[in-house]
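Chains: A, B and C, in written order; residue numbering restarts at 1 for each.
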Amino acid sequence: MGVIHDNRWRLPKGIIMRRFILISVPYAWLLALFLVPFAIVIKISLSDTVIAIPPYAPTLDLAGGWAGIVAFFQGLDFETFEFLTSDDLYWKAYLSSLKIAVIATAITLAVGYPIAYGMTRVAPEWRPTLLMLVILPFWTSFLIRVYAWMGILGQDGLINQALLWLGVIDQPLTILNTPTAVYIGIVYTYLPFMILPIYSALEKLDDSLLEAAEDLGCSRFTTFWLVTWPLSRNGIIAGSFLVFIPTLGEFVIPSLLGGSKTLMIGKVLWEEFFSNRDWPVASAVAVILLLILIIPIILFQRNEQKQREAEG
Amino acid sequence: MAQVAAQKPVFAPWDDPKQAPLIQFKNVIKRFGDFVAIDDMTIDIYEREFFALLGPSGCGKTTMMRMLAGFERPTEGQILLGGQDIDAIPPNKRSVNMMFQSYALFPHLSVWENIAFGLKRQKLPKEQIDERVNEMLRLTRLSKFAKRKPHQISGGQRQRVALARSLARAPKLLLLDEPLGALDKKLRQETQFELMDIQEKTGTTFVIVTHDQEEAMTVASRVAVMDEGVMVQVDTPAKIYEAPNSVYVADFIGDVNIIEGRAKQISDQVNIAWAEGQPSIVGTSTETTFAPDEKIYFAIRPEKVSISAEKPEDTPNAFQGTILDIAYLGNISTYYVRIPSGQTIKAQTANTRRLSRRNFTWEDKVWVSFTTTAGVCLRE
Amino acid sequence: MRRLSWFNATSLSLGFAFLYLPMIILIIYSFNASKLVTVWAGFSTKWYGELFRNEAFLDAAWVTIRVAVMSSTLATILGTMAAYVLVRAGRFYGRTLFSGMIYAPLVMPEVITGLSLLLLFIGIGLDRGVVTIVLAHTTFSMCYVSVVVSSRLVTFDRSLEEAAQDLGCTPMESFRLVTLPIIAPAVLSGWLLAFTLSLDDLVIASFASGPSSTTLPIKIYSAVRLGVSPEINALSTIMIGIVTVGVVTASIMTKRAAVKQMRDEQAAERAGE
């Protein structure tokens, strides 16, 4: 004659209430301010441009009752998306952004990895200081750091001045307002995002693995290539995603350093919205950008999840 | 005139029908998904007991403790504390306190504040709290360290803070989860006696979880040997050692010879056929009756087996063998004697003479012998 | 067996030089009496004076600070709740969506988040101003806070909470008296991170702000689109200076605390019983 407990329902009401509030408050916030806005973007991408406030139609007039809702859905169409495919500008901008993002990520990796690696070879008492030196730019304003390059890369900027003075060139180079400036800007501002995950992965590497490799006959280079490099993969992947995904939709850098010659989709979106006042097109651009990014974002989240699970 | 020796009262509330138990488990079952951690457990624990839950990892002892503390709830069955079903009572409202294995001292609070923590939750007046904390500090000899933080004191001192903190509220029941595991051997032994002392002084009921059988045997008034969610035997340390009820218990505690054979029982005496060409072992079994030719296990502790060069007179169990190995442990030696039919019997003697004058050495032919009541006959 | 090869040393020096030279150059030029980058006209602090006389900049700075304080505080509360949910709540309906929504803003291009929020505000008829910027900043900052706090919660020793409850705390009390004080450093870092992100944000603020609520980054951007400006150099130097002082102080304090902790522990063990 046993007493059976159904643990779920016997929980005091207080605990269930508390748990509900704890989960629902941030959840509701994110639904309202993150998910719903995306739905609206999609909706507007399916609308037409009109000269009105707001500058799109149809708008959802709930006062119109069920008929109003039906009319609303009938007013939506894929016209804007067709427009995007017809005009050269857009798909060229997507491709250009992809190209720039990929190349910039690769350069950032090439520059950031040796720095992260060097940091792990330094005596332990110096590492917190170096870490602090990497983090400091991260806390400094992004905008200011990009702006700093304007004064360096311009026609009468520091680099040109130095090269002219040294006699290496006799005409100032055009660096500002070209894709090159954009690459420099991206690598510069995103470098800490690449260094930190790689440093963290390398730091966890057990010295005895490297010693074992050398004991078994590897040269310093082979040890690096066969042991260190593969084991730092997680850091490389995390760092690359942290650079690639935001770079794809980057606005500030191409705007300040890229000039009209550099085509990036983030700039296109901004201009469609602010300069052309064409909200449906801006929204459609955003939707397609999001579609392109969904796969990398999901891969990034999966990688983070695996990392967290692996660490216990 | 003969003097009658004063009888020290024996502490055995479990034998006293007038005593009501403090804790009662009634057919408690605890499942985690498909895994049965506690299997239909019914046990009574009495006030002022020092009750030990002993067993290997995974046997369910920690689960039992957590159910008493309130961090787990039984899937079926009831747990009563002082006659009251505690299932609906959350851990913060039970008069049960726990000393955690990792000590769980609050790193951001001083020793004083750690100990006072539970008292503050009871909303006692300040003077009472101060008095009680000082009392606890004196009891655990930590008065000098009251203002320090946990990271500023040693491991042994942290253990005492954890103990003081858990006793501050004078709980009816104190649960100790492997309290001495992190201490080195010497410290552990000292602390064992301190714990027993404190338990007697405060009159609290202690339930201790441990995998160290020496510890359980030293401190406990009763030991529950557990295996896979079941209490195999619950008894005083002496009875557990001398009268194990199963091969599992006999083997778990201390060193033992387990001899397998076939039984032939005549009233209290059991003749066990155990080896080719050897006479039967003569044992005693008063409570269990073995069927003819039933499989039987004879358990005998090595220290109950005598070893001699000549065949002993008048001993019912005497067998000849060769010394296979000797384990010298300083104060005792264990001789591994091989019987011609293949079995090995361990005999243990104190080293009453110095090394150079020792009687036996490897390859010696010796006789091992023991009385009829020295071992226990077990069914399984 | 760590050896610092010449390759490592070179890459470190070049790397850090690359990271810091642009900022150092900016600082130097903020003291250039001449407006032009080409000419060094002598040391002068006049641009700092000009900066502090510029009403528009000071107003924008004030708006920016108010927004940053409000949004980071709100983001810290929401982010800590979200972290708790992620680490402790186990399985519940819609958990995958929840964790997707928490991690997505970390990598989402700002133009997309900015655009979507603006469309939301217009859709519900909310006038753009300080409130909308605060709402926008809170939304993306809470994700960063939750990452920082959840990584601390994961390593938090739960037996401390059990001990607190064993000694008489309700779950709320054990959070307030034990968990919170111990994870406080992580919560504080989360707040600082949210504060910095809000202070620096250009893109989302541009979408979410109204005519009367210009933030400092927006002002800076419109000024520099036209080219290098010495007032902006001065402003940049001030901002770099504040951040440097903050980061260095925090570093030193953390290091000192860690050293003291280790020394205390060693002394305690040696003193023994």
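Here is the rule we use: a residue touches a chain if its C-beta (ideal position, glycine included) is under 8 Å from a C-beta of that chain, and two chains touch if they have at least 3 such contacts.
Every value quoted in this text rests on a predicted model; they were computed, and no experiment measured them.
Chemist: If you count the C-beta pairs in contact for each pair of chains, which pair comes out on top?
Modeler: A-C
Chemist: Going by average Cα coordinates, which chain is farthest removed from chain A?
Modeler: B
Chemist: Where the CA atoms of chain B average out and where those of chain C average out, how many Å apart are those spots?
Modeler: A distance of 56 Å separates the two centres.
Chemist: Using the average of all C-alpha atoms in each chain as its centre, how far is it in Å between chain A and chain B?
Modeler: So the centre of chain A lies 61 Å away from the centre of chain B.
Chemist: Express in whole angstrom the distance between the two chain centres, defined as the mean CA positions of chain A and chain C.
Modeler: So the centroids are 17 Å from each other.
Chemist: Taking each residue of chain C in turn, which ones touch at least two of the other chains?
Modeler: Not one residue in chain C touches at least two other chains.
Chemist: If you look at chain B, which of its residues touch at least two other chains?
Modeler: Residue numbers touching two or more other chains: 90.
Chemist: What part of chain A is in contact with chain C in the complex they form?
Modeler: Interface residues on the chain A side: 15, 18-19, 22-23, 25-27, 29-31, 33-38, 40-41, 44, 54, 111-112, 114-115, 117-123, 128-130, 132-137, 139-145, 147-152, 154, 156-158, 161, 188, 191, 207, 210-211, 241-242, 245-246, 248-252, 255-256, 266, 269-270, 273-274, 279, 282-283, 286, 289-290, 293, 297, 300-301, 304, 308, 311.
Chemist: Quick one: which bits of chain C touch chain A in the complex? Just the residue numbers, please.
Modeler: Residues of chain C touching chain A: 1-5, 7-9, 11-12, 15-16, 18-20, 22-23, 25-26, 29, 36-38, 78-79, 81-82, 84-85, 89, 92, 94, 98-105, 107-113, 115-117, 119-120, 122-123, 135-136, 138-139, 142, 146, 154, 171-172, 196, 199-200, 202-203, 206-207, 217, 220-221, 224-225, 227-228, 232-233, 236, 239-240, 243-244, 246-248, 251, 255.
Chemist: What does chain C use to touch chain B in their complex?
Modeler: Where chain C meets chain B, its residues are 157, 159-160, 162-170, 173, 177-178, 181-182, 261, 264-265, 267-269, 271-273.
Chemist: Which of the residues in chain B end up touching chain C in this complex?
Modeler: Touch list, chain B to chain C: 69-71, 90-93, 96-98, 100-102, 104, 106-108, 117-118, 121-122, 148-149, 151-157, 165-166, 169, 187.
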